[in-house]
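One chain, chain A, links the two complexes that follow: it is found with chain B in the first and with chain C in the second.
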Partner chain A sequence: MREGENCERMLPVGFCNTWPLVMMLIHMLAGVSYATASISILESGAFLIPFQSAKKSSTTMKADVRRQRQKRAYSPMLLKGIRRLAPILTVLIIVIIWQGIYTAEVYPSFLIPSPASVLETFVESVQDGILLYHLSITLQETLIGLLIGVAIGSSLGYIIANVPILEDLLSPLIVAFQSTPTIAYAPLLILWFGNDIQSKIVIVVIIVFFPTMMNTIAGLRAVPEGLRDVFKVMKATRWQLFTKLELPAALAVLLVGLKTSATLAVIGAVVGEFVSVNEGLGSMVAIARNQYDTPLVFVGVISLSLLALSLYTLVSFLEYYLLRWRRFGRT
Partner chain B sequence: MIKRIVIVLLFSVVVYGVSIAQDDLEDERFLLTFVPNIQFSPLYVAIEQGYAEDAGYNLTIEYLNEPDVVDLVAAGQANFGMVSGEQVITAVSRQRPIVYVYEWFQQYPVGVVLDAASDITQVSDLAGKRIGLPGRFGASYSGLTTLLTANDMSERDVELQEIGYVAPDVFCTGGAVDAVVVYLNNEPLQIQLRADAGDCADVESVRVFPVAESTDLVANGIITSTELLERDPNHVSAIVMAFDHGLRDVINNPARAYLLSEAYVEGLPLSDELREALNTLADEQDAFLADQPTREDIIASRSAMLETLQSTIADPAELIQFQVLLASINLWDADQLGYSDMASWEAMQTTLIELGSLDDAIDLEGIFTNQFVDETD
Partner chain C sequence: MQIAAEGAVIEYAMAGGGHLAALGPVTFIIEDGTFVSLLGPSGCGKSTLIRALAGLEKPTRGSFRIDDRIVTSPSTEVGVMFQSANLIPWRTVSENVMLPLELAGAPKSQRNNASKRILEPLGLSEYETLYPGQLSGGMAQRVALGRVLIQSPDVLLLDEPFGALDAMNREKISMDLLRIWSQQRQTLLMVTHDVQEAVLLSDRVLVMSHRPGRIIDDVSVDLPRPRYSEMIYEPAFTEVARHLRRAIDRA
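So, the complex of A and B:
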């Protein structure tokens, strides 16, 4: 029992009740037989816990209440910690599966290289500057395109939301244009806007503009009519209506659109880089593929995923900051 | 009534027999790059004329990117593919177990095209000029580097502009570049067609500097996996022979090859007028071939074919794909089809090392074989 008390002093509540099982798992993973592992449970005295708890004194019961309170306080924190670790766990699981596929030789190593060789290539490409150079180009195309696309999309969305006839006029054209896969007309854009960064930015703008516009329209239309009436009664100007009512009310939906747009922007940039192989992460992947450098292809693909994830996280932080009033219950 | 039953029974037996015969055929995939195009007519002819079936294979064609073709063949997911020689060296240096078994293009198909009226009359005149190319990769880049090196120049002596795959558009816009790196069997014809129509800035005619005139580089050919080559060389031989047969047919009678390719190349220009003219030419060529003409006579007959068509067909755009085929044949035709020599492999390897695509020289002995070429002659 002393061991158990020591445990509770040193480790978070909740862990001590399960620690004999954890010890058994550790023993098993370390190659110790199940029987030996079971002995460790006996040694820990864990099996006595139910009997001992029946003879608890009032002092112990008070301590139990204290522990319960602590447990209630710790549990959400523990849960939060686990949730924070979940993405790392997912990555770990993927790497383990990847290594398993490599070790089992499901595919030849030139089709699926080992995680270690990809890591080695990653370090090399960072050291010689190739990765950062191409990353900076893709980032530039993505951010400029995202900025212009969001500006155009939200402006047009605002106009359409306020002038419904425009929606009737433009929607067939916009939907038809948007439902055409970008890869189909990307070569034409390269032809019209050149082989440099401009054509890729145009592709990003086209991809980003639609979800932004649709979310702007949806966000503005979700503003309660009652509130609009209040603003009218108070003789609010158009600018006041926009800044004090429409923008705050539509912000949540707009930010959801921005999240989608941020990830789509990366896709747009890469589509352009694949069509016109020049510079940028998409081009790096295409050239590496052409040189049969599969680890570098993996590095490019992983970098693109990280870029998209970073942009998504950035917008999530922006959302967290801009919508902080919601967490305090203000409307 | 009995007569009818007998006819139906006989018909059933024949149909069953045919289906049994087809079942005996082994399915085989042949991987090509690019898209369906008249340039792949030797394979189309090999299928249409039944050469693959005669060898016991039901051949189907798929179109992929070059690296995908190499990797699928290397991984044993397909047995045959058509890729360029530089891809073979690069892939083998990266542990892809493939072997090059038949050199289809006897001349490297890349060259530099420029305005014939410009002051650039030889390769050395390209110094300081703006040269457009798809990008710093692939056959175009390798070809240009080789051409410059062979003329004691390097990339630093010219101004390279990466223009993607729109060389005719950029060149004909005028002023953007002084020359473009192209595939000789296609773009020069497209540019000349525009020039003839007065739709290519001030250009009236073009001049071409073929890489092959400076250095013999190994070009496109058939690859297979080392595993298949060791395990079943007869299988490899059968497919190579079928392709070789198709290639010889195309070289000897391009009019027939063009007609046979119709089913494979969507949008291939073939008006009723052109079809009729080609049919007539194809029949005449068959009769001509029956007299066992020399290679020189056959070359002359191809030129005569084009002249006849040009005098018959009013719209030059309708003949452009036939001209592409004839230009391709000039790059394929040789005394010994399919043969590749060590010198061209070494030249290609030197270029790849110079470009930085290859770190060190690899052993070129096992990378190609002429064992099946000898069988075809």
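So, the complex of A and C:
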């Protein structure tokens, strides 16, 4: 372990470990989800727009913005092309800076390995199947947890929205549960549900359940009384009211929330994998860190952020398709 | 079908105890196939009356009747239109119009045909595939009217359906309503606060007092049918309108 020896000579003990780096990257991943959470709040406001009567001002505002944009756009085609390429450009710049730091030897290579070595490790881990194996485990935990969490969260949300007394009864418990950091009770869950994927699924379920429930309640409460009256005078059954009014109305808010939940689910799975190191990308990162295999840590972290990003994009597409009516504002 | 109220009173329990009298007592009979308007100052309980006849509110005392049925719940024989269009934002125009048939379990082909048949006379054929967010206020109310008409109700209860529209739109859509009504002759009760609109459309106008609303005047409009918009300049029209104006001012 050449790099380890280097480390102990040159740096304080805490830095030997790549742990801070990993934590930083995980926080970055979390940062993505917090950012998307704030976006989704804005969008859930947008969901209400068709229901509100005072919408003219917002449309004129949008028109103003559009006009301003058009004024600035001297060559729309070129601008559009640049805007498409912009994210790739950002990644490219980061890689160049990364390479620069490596070449200048600002930090030893076991802390910041070269982009090339990370790429090499990536190719290797794909070839020997390690990456895909761990990825599939994390994906399973995330998706199953997400599914169960959304199912429980939306059902409970529906019940609470219809039985207000339950909200008063359950809210202290739910809020307490929710404000406790998951990592604090994760060991307990692993003790109860074992080292395998079940315990991680439980963590994901707990993380996903709360925002889903809150979004369901918000969605149901946003259904205007006027629409309920329309269904009542048409003699709709309770079931019809649910399937044709409440469910689609809640779906609009739920899908926006699901984008946040999807990234939260990945975090939940990784937290579980860190606490009980076994299988999955989180465990792969933890093991690689213990072995000072920093390139593999990078591969794991980048794969995780790609996984979260893919899930986010998938839900965005689903939302784009299912909520296409929202794109038609007032003309 | 006949609409009737017999000593109907609606009171709401207030938070600090006690009751708020919203309506009545009101007693009236609206004969089958007549177009009756309900005029009155705002907050007099007109909407409450419509909601009660629709089966959305229950009278504290007395009763509301549609033919021989005491109203306790909504009925598909009664079509109700509210002040706002209340369209479902994720459904297109035709999907909104089809809703009552869908709830009644009608097959899809029948729903499609009915929707086409209803949308055409309302001038909405081209807008079938638009979403409510793309419609103007007037068009949205036309869709709401179509949604009520598609279930072929024998009774129409309209609660200030065109109140939020500008004068031009209002006149056009109310003349369309008049044309459709004269072909189908539903028993129609419409709440309005516009005297001219009430006189131009109705066979009879009921005037309500301030809260709690009671019927304080009952005026027959003996203008010949078919009615047309220029009628408002005729002496017979202005006479009725003036009478109603005075009745409202006394209310």
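By our rule, the second predicted complex is superposed on the first by the 243 of 331 C-alpha atoms of A that agree within 3 Å, B and C clash if a C-alpha of one lies under 4 Å from a C-alpha of the other, contacts with A are read in each partner's own complex, and residues count from 1 in each chain.
Criterion: a contact is a pair of C-beta atoms (placed from the backbone, for glycine too) under 8 Å apart; a residue touches a chain by one contact, two chains touch by 3 or more.
What you see is a predicted model, and the numbers here were worked out from it, not measured in a lab.
With both structures placed on the common chain, the touch criterion links A:Pro224 to chain C but leaves chain B unconnected. In the overlay built on the shared chain, the residue A:Tyr321 is in contact with neither chain B nor chain C. Using the contact criterion defined above for the overlaid structures, shared-chain residue A:Leu245 touches chain C, although it does not reach chain B. For chain A, the partner with contacts to more residues, out of chain B and chain C, is C.
In the overlay built on the shared chain, the residue A:Val233 is in contact with chain C alone; chain B does not reach it. No residue of chain A lies in contact with both chain B in one complex and chain C in the other. Interface of chain A with chain B (complex): residues 107-111, 187, 190-191, 195, 275-278, 283, 287, 289-294. Contact residues on chain B toward chain A in their complex (touch as defined above): 65-67, 70-71, 74-75, 90-91, 93-96, 134-135, 137-138, 162-166, 169, 357.
On chain C, the positions that touch chain A within their shared complex are 51, 54-56, 73-76, 78-80, 82, 84, 86, 88-91, 99-100, 102-103, 130-134, 147, 151. Chain A meets chain C in the complex at residues 49-51, 53, 224, 226-227, 229-237, 240, 244-245, 248, 252, 323, 325-326, 328-331.
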